[in-house]
Amino acid sequence: MKKIGVFTSGGDAPGMNACVRSVVRSCLSLDIEPYGIWRGYNGMIAGDIRKMVSHDVSNIVQRGGTILKSARSEEFLTKEGRQKAYDNLMEHEIDGLIAIGGDGTFTGANLFGDEFEMPIVGAPGTIDNDLYGSDITIGFDTAVNTALDAIDKIRDTANSHDRVFFIEVMGRNSGYIAIQSGIGGGAEMVMVPETSTTMDDVIQTLKKGRDSQKTSSIIVVAEGDEQGNAHEIAGRVREHNPDLDIRVSTLGHIQRGGSPSAFDRVLASRLGLAAVEGLLNGEKNVMVGVIDNKITYTNLKLAISKSKPLNQELIRLVDILSI
Amino acid sequence: MKKIGVFTSGGDAPGMNACVRSVVRSCLSLDIEPYGIWRGYNGMIAGDIRKMVSHDVSNIVQRGGTILKSARSEEFLTKEGRQKAYDNLMEHEIDGLIAIGGDGTFTGANLFGDEFEMPIVGAPGTIDNDLYGSDITIGFDTAVNTALDAIDKIRDTANSHDRVFFIEVMGRNSGYIAIQSGIGGGAEMVMVPETSTTMDDVIQTLKKGRDSQKTSSIIVVAEGDEQGNAHEIAGRVREHNPDLDIRVSTLGHIQRGGSPSAFDRVLASRLGLAAVEGLLNGEKNVMVGVIDNKITYTNLKLAISKSKPLNQELIRLVDILSI
Amino acid sequence: MKKIGVFTSGGDAPGMNACVRSVVRSCLSLDIEPYGIWRGYNGMIAGDIRKMVSHDVSNIVQRGGTILKSARSEEFLTKEGRQKAYDNLMEHEIDGLIAIGGDGTFTGANLFGDEFEMPIVGAPGTIDNDLYGSDITIGFDTAVNTALDAIDKIRDTANSHDRVFFIEVMGRNSGYIAIQSGIGGGAEMVMVPETSTTMDDVIQTLKKGRDSQKTSSIIVVAEGDEQGNAHEIAGRVREHNPDLDIRVSTLGHIQRGGSPSAFDRVLASRLGLAAVEGLLNGEKNVMVGVIDNKITYTNLKLAISKSKPLNQELIRLVDILSI
Amino acid sequence: MKKIGVFTSGGDAPGMNACVRSVVRSCLSLDIEPYGIWRGYNGMIAGDIRKMVSHDVSNIVQRGGTILKSARSEEFLTKEGRQKAYDNLMEHEIDGLIAIGGDGTFTGANLFGDEFEMPIVGAPGTIDNDLYGSDITIGFDTAVNTALDAIDKIRDTANSHDRVFFIEVMGRNSGYIAIQSGIGGGAEMVMVPETSTTMDDVIQTLKKGRDSQKTSSIIVVAEGDEQGNAHEIAGRVREHNPDLDIRVSTLGHIQRGGSPSAFDRVLASRLGLAAVEGLLNGEKNVMVGVIDNKITYTNLKLAISKSKPLNQELIRLVDILSI
């Protein structure tokens, strides 16, 4: 293997730049030529591919977003699109790919790897932490800290006014951000897609809080909770408790940005090197991850099809800590 | 004057605690007994009034929210409510009041001061910075920094995806937070209640950005803009430009919380001392403020009735900087 | 077991409060009475022991330091001191102890556990991450992020002036903070007690950087490095390279403080519960920890005597990433 | 005037990039061609001068340091050096200069302006806030917030251990950072070059704190205090009070870096525009500043020779608030 292409795709996550930097420098230190592919699969199809040098990734380890830009590609879903992409890679004599992204990115990578002779290693970059094959994904720790910082700020004002706050965090199919920011933020309750919570549970929790003289309450809601979004849930609680001063805050896109945390920078750096070494060692169509602190490679098909269960210990913790 | 009562009221603002601390310690150093009144006018009516010592305000200068809690009071709008409040103050022999809050707080204080022999000095605590009589209010600087931090994070993801973002910040009647966070955040446009912006202006700005190869754009919208909220404005832009990838983020309540900035802590400390000294010097029914770096006292009636114009220089700056 | 005492001891670490809160609330939810012991072993000897209720630990999960205060105790090193401590615990009918701290704390706990019939579970709270028996300790993640934030700031000024910076971080016997903040901060080199680095290595690294047109360099030094502290090392480099603009920054005590990171709050919450459950399940004179994501209990004697090796993969990463 | 050159010089300060951006874009919007000069006077002498376009200053408003780099120049102190610089400017047909920096920068600019027909406007960029002619300088607000954040962290650990901390902040000739971060950080005492404090004052303050049951104390020391640096002062206190647990922290270079605060970004943006407009309006050899919220131009000779007194009101506040 002589030339490796790297790209970012799907929703961006803090730490993607640290991972790109690690891929580029790991290549250079192992005598491989690194190529950047801009705007994910779109750039592969359009031929937006350039050789990278060490200096291209200087001073980016601390930056959110991705210097390679990211996009979702309709065209890559077609056979013709993928053929164009392959032809462009061939033109640059690229003989291995590293895809940094999440579920959608790896679904594309898996298709591509089945059709063409092009080894691909995926690196899990998604704030949702919902990928099987890695205990934790690049961007998750930063997103949790951003959510937590917001919850800390909201608690200030909740306490000052004796209010109930419903705070919606990201996580369409997964409650990871919700559960960790909820525990860290001292939330009275956390509502996640993985467990079913009834409206009655919510109302009981708020009642319990008032009975024990708590003057304010915070309930963290993952955006994918089966009870609806935070506004809908708050609306129903308001009907039952018209006397409560209830507010809603949807944290939104701030969770995707920001300078990556130490954890994310180190994780991204480790996975970038491991992705390069994986390709050199003959790995193909796998996702690199960290399981029990060890670097592992999981088949892409598994990574995109199996779901990663939420830690039951954490769900129990929320209940215990809000006593 | 021997005993001064202090309370916080209305929406909380970062730095209120620093101001309470300054009032308490200024009283103590000038041989006045400070009394805390909890939950604003409600606590005055309920008699939730306690003598404070130095230690009560230890280790709060850095905390958001208000240890005295805040609330809006319906009862204080009635003559009976105010009479009860006055009787409670008399019972504690309080002979001067310091009210930390905004517009609504001072409207109540003004009424009370007209009816009873009780000198009141207001200290401007509101993130909106919309009070006549002070160039800047306690909490504004922190709120702008919080908004700016969010804009910085969103720019990361906007740049990575070539997106247009509408970011809604607080400011029902005032564009101060919007204009300062917009300039600081490098926004392409800022929409504020004080100036009229047409939908055509918005569309032209986005077109200009694309013509000059800008790949992403940020438009900051004050919640009180005459064109509607950020979701409404974005919706109309989407109709004209269905090809743009447009997103909306409403920053919401995080802007009220957080550890106060250095500026807010120093300002709150100065105004707390000046409020106490004002009372001792015979000021009554005024708001203490800072104008051109000097401590000033403005009649409460003026403070609540006159509006503070937005700095035209800043509006011009937004245009120039987004070239 | 009916009454559990909890205390913090040794150097404080961010997340200790989150752990105290978890111990107290876990006790309450399991029908155990929690007792706080103030100022570590000193408070045990002085009888500064009080029953705690849920509200005592409200609103502390986000605070640095420790509400139970911490201290080092000379008297506890004597047999008489420990006897007094035991008598005080007996008086309160405490039948189990949870000690939150590091090496010194557990050395005391181990002695005490050997002499008296008093089961003790330690929870690892130290920013140094140097305890055998847990992959990671409470406070470490926050300290690394604090160090990293400082390195990011210093890189701004290093780049602007083409300077070489030696940045000293904490870690008397351990390079954990140095290695992680060095990787995260994009340092050209990391000097830790666990590996021997010669002055020649340092000079070669700086030469290599200049040869490849790097205009600024950052070298992170653990305070316990065998080459001396950052000032001493910088002094010797200056002798060899009088033309370099070399600066030194010792981060110092800021690394112990600050609001704990999400990771530390969740870890501290998990370990607090696990410590209580350990006592209830008959564990004695052990340290609770997390190894490969699982809760584990390690004999205190082992925890204080065995050393935890630095991850070799990380040392290699520094070299690769600074190419 | 058709071409304006801009450079940064001396110690860097957060917000310099925002000012460079504002100069470049203000030029472009007023049909002037902006030229960047790299590495201050050194680049002027070496001819490191390039025309700038809008995109060159994209995405830098939030970055610390300076993209134009900064340096101190020995050669510019010679007549020959300045002649070379002038010749290079002539070659690029530059007919006006904007110098962003502090005292040393303006001393050079003043010399240059006396010798050559080249109008210069200085913009005050220095964290020390020690320039006559502007109430506040670019970078000061960020530096104070950085110092304050460090003090907040150290207070956590000071409180946990009942310690006395001497914290040294920047300010060789000026106590601005010390006084503002001291008030904001709730310091018991602030030692600045502008006022004389005896060792006896220090010892009395610490005694007073202990008498009123304060368990920890923080004393902020400006690096230029006449009693010496923080280590020296702490050493003398230790001799008098061997029983106190005294620690020292020197904040150092972190105070120069970091993403600029909202205040600094807005100030830098305003001054950048005002500098360009000043040149267009015929101002020469002046420093632009903000006095009582209004843009002003002060003769460079005055700016570098007159000293700006510390606000006495703030010195009094420290005493009152530490009661």
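Should a chain be cited, it is by its letter among A, B, C and D, assigned in written order, with residues numbered from 1 in that chain.
Rule of thumb we're sticking to: a residue touches a chain if its C-beta (ideal position, glycine included) is under 8 Å from a C-beta of that chain, and two chains touch if they have at least 3 such contacts.
Computed from a predicted model, the values in this text were never measured in an experiment.
Visitor: Kindly list the shared contact partners of chain A and chain B, in label order.
Guide: none
Visitor: So the centre of each chain is just the mean of its C-alpha atoms; given that, what is the distance between chain A and chain D in Å?
Guide: 39
Visitor: Centroid of chain B to centroid of chain D, CA atoms only: how many Å?
Guide: Here chain B and chain D have centroids separated by 28 Å.
Visitor: At least two other chains touched by the same residue of chain A: list those residues.
Guide: 152, 155, 159
Visitor: Could you run through all the chain pairs that touch each other?
Guide: Every pair of chains in contact is listed here: A-B, A-C, B-D, C-D.
Visitor: List the residues on chain A that touch chain C in their complex, please.
Guide: 18, 21-22, 25-26, 28-29, 54-55, 58-59, 61-62, 135, 141, 144-145, 147-148, 152, 155, 159, 180-181, 183-186, 212-214, 259, 261-263, 265-266, 269-270, 273, 292-293, 295, 313-314, 317, 319-323
Visitor: Note which residues of chain C are touching chain D in the complex, please.
Guide: 8, 12, 14, 16, 63-66, 69-71, 146, 150, 152-157, 159-162, 165, 247, 249-254, 256-258
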